[in-house]
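In the two complexes below, chain A is the common chain; its partner is chain B in one and chain C in the other.
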Partner chain A sequence: MKNETAIKNKNGDSLYKLLNFLKMNKNIIIQYSSLLLVVVIFTVLSDGKLLSSINIQTIIRQLVVIFTISVGLVFVFSHGNMDISVGAVVALSSMVAAFSLNAGAPVWFSTMIAMSVSVACYLLNIYVANQFGLMAVISSLAIMFIARGIVTYIVSTTNMSIRVTEIAVLNLYNNLTFMILSIIIVGIIGVVLFNYKKIGKQNKAIGDNMLSATQSGVNVKKSKVISYIIAGLLVGYGSMFSLARSLTVSENSGMGLEMDVIVALVLGGMALSGGSKSKISSAIVGSITLVLLNNGLTMIGVPAEVVSLVRGIIFLLVIFLILRRPRSEKVVPR
Partner chain B sequence: MESNVFLETVGLTKKFEETIAVNNVNLQVKLGEIRGLIGENGSGKSTVSSMICGIHPVTNGEMFINGEKYQPKNPLEARDNKISMIVQETGTLNQLPIVDNIFLGDEARFRKNGFIDRSKMIREAEKALELVDLDGLDVTKSISTLDFEERKLVEIARALYYNPTLFIVDETTTALSHEGREMIHKIIKKLKRENKAVLFISHDLPELISVCDALTILRDGEFITEFDKKDFEEDRIKQSMVGRKIEGDFYRSDYDGNFDSQVVLSVKNVSAKKLKDITLDLHKGEILGIGGLSGSGMHELGKLMYGGLKTTQGEVFVYGEEKSPFLKSSTRNKSEKNPKPIPLRTIKIAIDNKIGYVSKDRDQETLILDASVKDNLAISALDKLKKYGFILPGSERRFAEKQINELNIKCRNMNQNVRELSGGNKQKISFGKWIGNNSRILILDSPTRGVDVGVKTTMYKLLYDLKKQGYSILIISEELQELIGMSDRILMMKEGRINKEFARNKNLNESTLIDYMI
Partner chain C sequence: MKRRNLIIQWLGVLLLLVLLGACGDNGTNNTGNSNSNNDSGEDVVTIGVMLYNYTDIQGKEIRSYGDYLEEHFNVKFDYATVGSSEEDHITALENLIASGVDAIISGYDTALEQSIALSEQANVYYSVALGEVVEDISSDYLVGGLSQFGENPEKLGAQYAEAAVEAGVKNIAVTTFPEFAFYDAVPIINGFRERIEELDDEVTVYDTVTHMFSPNDVVDAVTSIISDNPEVDAIFGLGSGMDFVYPAVLNSTKPDIKVLALGYNDSTPAALENDSVIMAGFNNYSQIMASMFARLYDRLNGHEYPDGQLNGYIDYPTVQETSDVEDIQTYVIPDNKSEGSVTIEELKEVMRTFNENATWEDLQELTNRTIDEIKENRQ
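Up next is the complex of A and B:
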């Protein structure tokens, strides 16, 4: 008799513990379950075509750009800054890379050039923001206009859009194995930098409370600059994949990427205000979810005209689940 | 029952989810009475007051005003029932002008032909400010041009403008300086003379004893007991607050006041913002107390000694255990006892030389409330935690565990958000992050502000232990009793200068010190 109640209590206890565990890890669960849900739903709806080997190749090609860029931008978002210049910077860097390739430069050199252009954009961004005390999102708006403006102007001076004349030079960036390797390596670098080096931890502290961070010995300006360099490097690198896919640069290149990155990060459970809830896994999981979502919607034959609408609704749902602050979490006054 | 009871609560209960914050509290506030409400952190004082003011709905129980049932749905209804409250935190909106802050939510009162009569509003705002002696202020200016204390006074003016019959002061005075407190005391005494009721919430016992006519004690959300003025006795009240016996003297008991002669930190003829020609030395194993009024520059002095303030003249030096190869070769023949002074110009230099600083505004400047206990403890020690260039989760965990155990920090686990912890535990974390970082010099600005008696005792014991281990500690405090009780030396500041130095002495008392700060 006594034993029975003990067991009952134990069961109740473990149920309570389970509930508590679920509550504590709500965000992580949503983060991964939305990925899982997208996979399951679209696999079923597309009769398994989603996971066919041809489609997986397509997915990887779509993934590599957004993945690379999102990992870079976690460093910016985690300290509470937002960046909307990604698309324009990708266009500018791939344009410069295309010119250098056409001038006969080897592909590694063009990659370096693309990365330096992008890093320069991001350094200018954070310099302006630091120097004039602006919100970095405002200076990134300026950078966006400038970069997009340069691309638009130069494209307008040539009769046609800018093309890579020797397609073969970009073979490397179209190689599937290289893409997969690159995804893995960028992922690992991102995880290590963000979780096991000072920069990630300091970024989170800055995002939460800049004053406390300063008084705890965090050099806020330095951390920000390093983060923007990391972001710049990865955006520049990502722009090479983008160039390799399209082989041309027009005034519309990279358009909308900045929003895709934000959507990817939010789908991955990132708090856009930064701080301690920032996770590098948001970029990894979120960009995969986003690409699967886009791909899946076209796979099951949702007309292109309503894809945006459907995406919007799903996005709203995820925000509601992740970012909403439950009413019960009211702080008890003292 | 006499008819002069203004507010009465019967069986007042409040639950937040499973947590019972207030349980079955019966409280009476009479007209012409200053009623103190006291209890440790988390004992439910503020929850009671926010129910009275309609901020939180009541879970169970009833409230009566003048014997009639009273169920406020929001603060405006409380105001219509002549109840006003000033709160612990800042209750003003920084972006708005003073006048709009005063009449926030009540602009309709000045409606004229569908528009707001701005000039009348301004006149009324000026009238309200006269109630707290803040006349001559341009009320159209943004409230952010006022300092913290003046803003508090604006809040008080706002509360008084509605001519409350019950005036609730919720933990306001702990955040104020000496002058600010006096001002509030004066106001509530005046209200008492006008036969109004005052509910004064605080955990500063001496203050309540001196001001209140009667005290209600809460502990863990429950009504414990009441005291009338004639029965006030500090030890007994403390006992019923904490629920166990607390010795009357919780400071260190020795009066030797000795410390090592080695200087670890020295300020030489420094002038900076608010500071004029300051010279002082901090020694190894010394607790140096800095006292004065809030505006005397003592808080700035703390920032200065942490490299957080630019000097206009003079220099601060820290005598670190410098390991720079250049210095080593040139000073090898000199004795180790006198390390080379390093000019202290940035926070980075301060941290590298093992100085730790806990700000007066702990929640805003020292802690990261939304981060975990572990992250808060580790943030300033990241360099130390590096292994082969990487900060591994294991070493972070061990580091946090060590601090949690050594300082006896009470938290569910190290991943709990600091925001959820009580004031005392928060303070322990802000100490812990520096102690763990091997800091040998601690600069503590108002270390026991906002913590209750029980925690204070542990804090003092901790500080004394640290002193004995050779830590150098600078305590900046407005609580003179605390300085007298803990310091080896006390420097009193006045108008940016060091006015007087006292050595540790049994016969030192508050009034002697006050003479040198005002």
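Up next is the complex of A and C:
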């Protein structure tokens, strides 16, 4: 009898713990469930083609650019800032890297150059925003015009598009193992910096309430500069993958990437207002979801004229699942 | 708490990777020719088409001719919308290849080298429909491109010159996209200038103004032409003449400037009627699709023209009168494609799959016919 009661108590205790665990981690579970839902739906609708070995390779190749860049930009978006210069910065960084590679520089050196150009753009962005008290999105607009303008001008001065003449130099960035390793390492660095280091906590505090953060001893300007440097480094690194994928730079390079990043982060559950709800997992889950969504729609043969509509509906469904704030959830005052 | 969140997050990612990995090997390896069996001739081949959109006249006509081909051949077209960036182009191509297409008709030569490399890896044939392949790329899977302006683009320039002289304009400015994006512009402009010189030495043709790809770039170019040379009375607009140059002129300080347009849209008939457009031109999308399809379908069925070349060519019909517009609607963009520029019967005659004596020149002759030649053939 005692044993039965003990077992019942133990079972009840386990159930309580499980329910409590589910409640505590509701948002994360919903986040990953949405991704899993996208995988399951497209796998079923594509008769398993979505998970064929060649398509998984395709997905990884497409993922590496958006993943790397999204992880970097979480540090910017968590302030409640938005960056719309990323496409143009990728184009400029890729172009400089292409020139460097064509001049005979080794790939590691060209990567450093691409990252330096990107960091310079992001530093200029935050310098202008900090110095003139502008919203960062406005200064990113200026950076976008400047970077795109430089690329367009240089492209227009040549009769042929700018391309990497020696394809083999970018073999590293086209290597699938390197891509997977890169995704994992960038992910881990992102998680550690954002979740366990001061910079991540400061970013969330700034996003929640800049004044409170300042009064709590956060050096807002310094935190923002560090975040923009991290974003710049990862955008520059991502631009190397982008260059390796196309081997060409034109005035259209990186076009629309800023919107892809925003969509990826929102799909991953990122609150665009930033703050304590910002999660690095938004970049991870969101970029995978976005790539799967685009790939899956082609795999299941959705007619071209309704792709945008279908994408919009799925986007709405996923963000409804992820971003819907439970009524019981307490909101941090701003 | 934080550590637990981290563990959950990474368990989630790990679960997904394991799931993807586990299912990966069980999937179909769609590396081209997945649907086709060239021996039986019964299986359907799938051709992926990549265009910026399917809502303008170009997209609609290409699709419509694709539907016509699907009715009469064992072929299925998968249409993909691509963005203008290289990354978007490669992504769309990768997705089509992964979906199992056997061949690709790309509208553009974006990231050509890498596109062909990807196609070659997947044993998928690749072609460029709306332009020539000028890059020095060698691959068994590169089927080739297509010149949109006939065998000799200079002749087209000469036609525009004749129309300009006939209309009596004396000061002509020339606008176009940059050379790297529009290779044919140079011979067309050269042909135009040479013919003008031959016909009327009182006509001045100003230096070519190059602009980029947005309507605003064209507005800037037109504004600059008018302010630098107020005497200009006509503009030969090669960079989307009807879509960009014509509206820019209408909204300028000199809306009476006449336009010689490379391009056509719904406002062309009215513009010809009120003499604001001297001549407009039209890509023959039926000829484009017929030419590309014939080459790809033959390749997929193991046939190749012995005298084949990298780039084919098609006719570029022009319109000067409203009666020309009727001809365009009857022969170039008819609702019933079996009455259009290239019918199935005509096409089969020049395809090696159906006629072992067919030659490359036969195909070029068929897909380069002028409207007058098509009319004559129909009678």
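What we mean here is this: the second predicted complex is superposed on the first by the 287 of 334 C-alpha atoms of A that agree within 3 Å, B and C clash if a C-alpha of one lies under 4 Å from a C-alpha of the other, contacts with A are read in each partner's own complex, and residues count from 1 in each chain.
The rule is simple: a residue touches a chain if its C-beta (ideal position, glycine included) is under 8 Å from a C-beta of that chain, and two chains touch if they have at least 3 such contacts.
Only a predicted model underlies this, so the values are computations on that prediction, with no experimental measurement involved.
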Chain B versus chain C as contact partner of A:Ser14, first or second or both or neither: neither
First (chain B), second (chain C), both or neither touched by A:Asn175: neither
Which superposed partner A:Val155 touches (first chain B, second chain C, both, neither): second
Touching partner for A:Ser216 - first (chain B), second (chain C), both, neither: first
First (chain B), second (chain C), both or neither touched by A:Lys49: second
Of chain C and chain B, partner touching more chain A residues: C
Which superposed partner A:Thr165 touches (first chain B, second chain C, both, neither): neither
Contacts of A:Tyr196 with chain B and chain C, given as first, second, both or neither: both
Touching partner for A:Asp208 - first (chain B), second (chain C), both, neither: first
Contacts of A:Gly275 with chain B and chain C, given as first, second, both or neither: first
On chain A, the residue positions that both chain B and chain C contact, one per complex: 195-196
Chain A to chain C touching residues, read off their complex: 25, 28-29, 31-32, 35-36, 39, 43, 48-56, 58-59, 61-62, 65, 87, 152, 155-156, 158-161, 163, 167, 187, 191, 195-196, 242, 245-257, 281, 284-285, 288, 294-295, 298-299, 301, 303-305, 307-308
Chain A contact footprint on chain C (complex, rising order): 2, 4-6, 8-10, 12-13, 15-16, 19-21, 23-31, 54-55, 78-81, 83-92, 94-100, 110-111, 113-114, 117, 122, 178-180, 210, 212-213
In the complex with chain B, residue positions of chain A that touch it: 192, 195-198, 201-202, 204-205, 208-209, 211-219, 275-277, 328, 330-334
Contact footprint of chain A on chain B as seen in their complex: 16-17, 19, 21, 41-42, 45-47, 50, 56, 306, 308, 347-348, 351, 357, 359, 364-372, 375, 378-380, 382-383, 386, 389-393, 419, 422-423, 433
